[in-house]
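Please find the structures below.
Heads up, the next two complexes both have chain A, just with different partners, chain B and then chain C.
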Partner chain A sequence: MATTTANGLVDQDRASAGGRRGYWLTAAVILLALLPVLGGKTGLISNYGFLQLSLMIVYAIAVLGLILLTGFNGQISLGHGAFFAVGAYVAAVLIDQANWPYWATLPVAAAFCFLVGYLFGLPALRLEGHYLALATFALAVAVPQILKYRHFEWFTNGVQGINIFKPDPPFGLPLSADQWMYLVVLAVAVLMFWIARNLLDSRTGRALRAIRDHTMAASTMGINVAHYKTVVFGISALYTGVAGALHAIIFEFVAPDSFRFELSIAILVGAVVGGIASLPGAVIGGVFVQVIEKYADALTKKLTAAVNLPLDLEPWTIYGIALIVLMYTMPMGIAGGLALLWKRLKRS
Partner chain B sequence: MEQLIQQIASGLANGAVYACLALALVMIFVSTDHINFAQGELAMFSAYLVWQALSWGFNFWLALPVVALISFMIGVAIERLILRPLHDAPVLSVVVVFIGLLAIFHSLAGAIWGHTIKAIPSPFPQFSFVGSGYIGPHQIGMIVVTLVLLLALFAFFRFTPLGLAMRAAAQNPASARLAGVRVDWMLALGWGLAAAIGAVAGSLVAPAVYLEPNMMASILLYGFAGALVGGISSPGGAVAGGFIVGVLENVIAYLGNLLEKSSGVYIIGNGEKLTVALIIVITVLTLKPSGLFGKVSVKRV
Partner chain C sequence: MQTNTTTRRLLLAGTGALALALAVSPASAQKNYDVGATDSEIKIGHTNPYSGNASAYGTIGKAIDAYFKMVNEQGGINGRKITFISYDDGYSPPKTVEMVRKLVEEDQVLFVFQTLGTPPNTAIQKYLNTKKVPQLFVATGASKWGHYKENPWTMGYQPDYVTEAIIYAKHILANVKDPKIGVLMQNDDYGKDYFNGFKQGLGKDADKLIVSHVTYEVTDPTVDSQIIQLKNSGANVFFNIATPKFAAQAIKKAGEIDWKPAQYLNNVAASVGAVIKPAGFEHAQGIITAAYLKDPTDPQWANAKDFLQWKAFMEKYYPTGNLADSNNVFGYSVATLMTIVLKQCGDDLTRANVMKQAANLKNVDLPMLLPGIKVNTSPTDFYPLQSVQLQKFQGEAWKLFGDVLSNESASN
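So, the complex of A and B:
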């Protein structure tokens, strides 16, 4: 049945999602879930390797949150690091102060971040485009200061941050802590992506895209624009907040200065590089964020040496140039670019 | 009371810098409808250029115009080379490009000059005068330079043919083009002017806060707040807004300290300056998006 959703790329994605791709996806997830047995037991992947994989998945969830908001609803946020920070702190404080088990903190972080996002979405309702970018930019810049606020110190521990400990696998499973947390993170990610996909395929998802493509037309069709915009802000914050909570647990540490403006930029870059309106794009974006964080230094040094530059370039220079070039060549990100390429190949 | 006056005076001095940055933001906003997130980093880069010139032995007052000119050319180049092709691109693309520029200038400054803190000596002579207990010579200098800059810009836009052409291009591009104004170049000129104003702001604030690649992040936020308070479509309003925000910032912190001293209740202090800016930004954006002096924009249905 031909629905009236706009934006060709997104709907191409959707049309083929049911068939063969479903099997491939399931196979991929099963393979990923078996990694601790396949890779861990044979010694192919170290515990450190599993930590890296977990971080990639965590960033993928965070990027997914931004993609739901920006890619599918057209609201720009430069401040998603703030929600990431809130989620991380909720988990860390509950574990540290109230001795909660780590898994119980996730729903609380989710609910709390939804609330925060929803409340921030209320004033954001009146803002569009550049103005919303500006308001969220201000939020991102102010976050470390808010976390250091003196009256919060008794539970946030101020500048020093909070140390927590990585949980051991339950039931005496023969896994290392890193392998276990990798499985937990993977399970949460699969659940969250599944929910996101169903959400976007539902009436709500169509409403979100209608608002993005033509707000006025959408409201003429009877879509409650204010309601959907604030709710999606909350959902988006929920996703990024859960990612933050998972990050705190696997990283075993939170501090105000790990949530500087750079984090918000990293999430934005992940979304833009992966593909701003695509769920697979979120995965690509998450991998990209972690890989860049890990290897950008080494890569930049190699590049600098290769072209014989007289000064030591910093990773951010490459980052910035890559962003600008990407906006020219593939405005829909890597996922969008691949989809376009695939379409052309099929036609010829 | 004396302390309060002191706080207001130094707030005015900080406000001068916010006013410059706000002015630069408004220059770009009026002509292109874009909010330039890279403005602060550009200004920081220019301040480093001034430092470089000083360390080569040049006089500050010789270095500043030269650096302003270089910044002007950088601004024009950015508009012509990077933003021109994105003229009809969605807002997100433009914002991402600005973030890219921010990253590039931030890291280039770090790569070229390192991350250690550098100092620029104040270019204004040390002398004592009436009321010098309240305000330092550098702070007075900041205010004076800002006001002179504002007057010069006003004269430029009001009395020169080029200024008239720029105003025409910003207000009604189509008609201006028909009248023979080269609208594209006017936009580039606007960018250049903004970069030059930013250069002045950066080199004025550098003696007060020390030079390092991160110095502009919080100042830019206050520049945004100033531009919004005054009305982001009004240059004069932006300057007023910058001063207002500068004073507000200091007075709020002062009142917070006073409250703490008198009643022992801590609510707000120097540690919450960015949060104050955030609150100002969100309050203005939600309650009065056009600011104090800006044009109210009406959405056409």
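So, the complex of A and C:
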């Protein structure tokens, strides 16, 4: 009896907390959706600003893909940049060669990346831990080279990449192309996060976590480990592939150089910094990937000039310092760190 | 009817007054601005590889920056100071796309100038032409920058690669007996442009004459294995289509493995400071390249007026710059041209007028151009420089020979 009550209480607590959280979440999404009107019309946010915001959301989706795989299923991947690239090229080639509308390329990129991820997941079953990390890393290194391959040049356009055009907003909406695509990206992201949350709250989600925590125990409980592992590899690739396709559309350009292995590392760092087993962590990770990549260099330069440092700092110095500090102070990622901080504040 | 004519009359009178007002006003407000230009400032955007494998070109951006600093110190252009915003793109097209969007949309520059590299410029060309932002005097010699009909907002600067390669091909046919040619090529539009021109110059036997054609990616660490491949093919002529770092590696490796072909080096890697010296003077003897600028290491210019001016400029505004690096001459000359165009714009600093004035240059003499070479453009000629002269490396400097040769593909 006692356990039931306790359980009931806990559930109730969670439900009400979830309700409150859901309320805040809805408010936040509405606010974000209103940004083109609030920020765009008043001139507070430039079109370039909206591109930056869209990129943050895109990276959040990519990081979410990796979090599903690594955070919730315990499989490490150093190669998610490869799925990102595949998604981007599927979208770009369909738009460029077959004149598809941009929105139609998203499901195709999703399906194609799921297939690629699933197939890659099959041999990955035999690899554990750091062996898997190496295999996926090889994938990340290989994909840009494959995109440059001479006999694929007729549709990949080799090292020169593919230029595509950002779609104009439909129905004569009074928005710029960047603002419109920002809304599209936001809508896709909300959908993807919603699906991910439901997936993790389901039987499948519990099976994934059981495999992560103790594979053998999970398999004794009757969970089909091989099946779940390959499927989650596919789903993870799907998420990152959709992010890649969105990236191609909002950026209007793809080239093998956009998807060097540094991108895979950036996605992994985003996941770890954000919080490897948390959905809000994916959002924080996405922001981190975009901000740090673009501004670490500029910030280092500004700081050097501001404090009159006699040294010539390398562009990535601030990035390195930020990472070390974060990992020491918030080993559970920023999402985990914030949650811990919140708990402590509540207790005191 | 009556009312109708009255209205019409009134309207006519109104328009007349308006026209009069318009006709009078220019006297007081002839100044015309697009974003990026004001009474006191002209904003210019720029990208350059300050890091990465093509970073030998980074010094061009620094030289241009120094030049505009000098211009500002001397009072600016028609009283306006130049704000030169330069970002590092690492010769990576996606990075260029992002930086150029930042320049146009956030920094709101009047135009983009001297963006470097064929792949980076290809990536931003469509965007800038749709936005009608001038992409002026790009730092690449691909022949496509002169296609004024398709891309009226883009213009090149240096002599185009196709012509340059044709000149090498003709020189080989005239001077090398039984040529067997090996080509090293950067695998992108820049390399292909040179290669296509080269084949065109060799004529119908091109495929027979070229015994080996190897490529590298700009992201590769070295080209050592490619050079060994070329040597093993038995080639006795080597056409080196590479950016500075790789060109130096190739010359050095060829020397080290004792491969002694007749060497032809593309002009974009002709810097003594950035290429020949690192490769080793002993490996570089007899290399032939085409030039349109005076090489700063050539002793025959030591007392030329423009050389002394350039040297004084370097010492005062860019003291850390390498005096043996022709890239610094390149930056200096192209920044001078930009200044001339902006002066010519007067107070009409719209994007359309900047483009119009850039396409209206008649026999402009830039400092450090070889004698006999001048800048010429027109609304149907978007190739500012079209002549080169061959030079051979001897001792520790380039030595010019032959006549100034002119462009043949300008009409393409």
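Note that in this section the second predicted complex is superposed on the first by the 306 of 348 C-alpha atoms of A that agree within 3 Å, B and C clash if a C-alpha of one lies under 4 Å from a C-alpha of the other, contacts with A are read in each partner's own complex, and residues count from 1 in each chain.
Methods note: contacts are C-beta pairs under 8 Å (C-beta built on N, C-alpha and C of every residue); 3 or more make two chains touch, one makes a residue touch a chain.
All values reported here derive from a predicted model rather than from experimental measurement.
Undergrad: Between chain B and chain C, whom does A:253 touch in the aligned arrangement: first, second, both, or neither?
TA: After superposition on chain A, A:253 lies in contact with chain C alone.
Undergrad: Could you say whether A:51 touches chain B, chain C, both of them, or neither, answering first, second, both or neither?
TA: A:51 contacts chain C only, not chain B.
Undergrad: Touch check for A:327: first (chain B), second (chain C), both, or neither?
TA: First partner only.
Undergrad: With the two structures laid over each other on chain A, which partner does A:92 touch: chain B (first), chain C (second), both, or neither?
TA: A:92 contacts neither chain B nor chain C.
Undergrad: Quick check for you: in the superposed arrangement, does A:317 touch first (chain B), second (chain C), both or neither?
TA: Only chain B; A:317 stays clear of chain C.
Undergrad: Once the structures are superposed on A, label A:148 by its partner contacts, choosing first (chain B), second (chain C), both or neither.
TA: Both: A:148 reaches chain B and chain C.
Undergrad: Spot which of chain B and chain C makes contact with more residues of chain A, would you?
TA: The larger set of chain A residues in touch belongs to B.
Undergrad: Would you tell me the residues on chain A in contact with chain B in one complex that are also in contact with chain C in the other?
TA: The overlap between the chain B and chain C interfaces on chain A comprises residues 148, 315.
Undergrad: Can you name the residues of chain B that touch chain A in the complex?
TA: My answer: residues 33-35, 37, 82, 85-86, 89-93, 95-97, 99-104, 106-108, 110-112, 217-218, 221, 224-225, 228, 266, 269, 271-275, 277-278, 281-282, 285-286, 289, 301.
Undergrad: Hey, which residues of chain A end up touching chain B in the complex?
TA: Touching chain B from chain A are residues 70, 76, 78, 123, 126-127, 129-131, 133-135, 137-139, 141-142, 145-146, 148-151, 216, 261, 265, 268-269, 272, 276, 311-317, 319-324, 327-328, 331.
Undergrad: Taking the complex as given, what residues does chain A use to touch chain C?
TA: Its residues touching chain C are 46-49, 51, 148, 158-161, 163, 165, 251-255, 257-258, 260, 294, 297, 315.
Undergrad: Could you list, by residue number, the parts of chain C that touch chain A in their complex?
TA: Interface residues on the chain C side: 51, 88, 92-95, 97-98, 101-102, 105-106, 119, 122-123, 126-127, 130, 187-189, 217-219.
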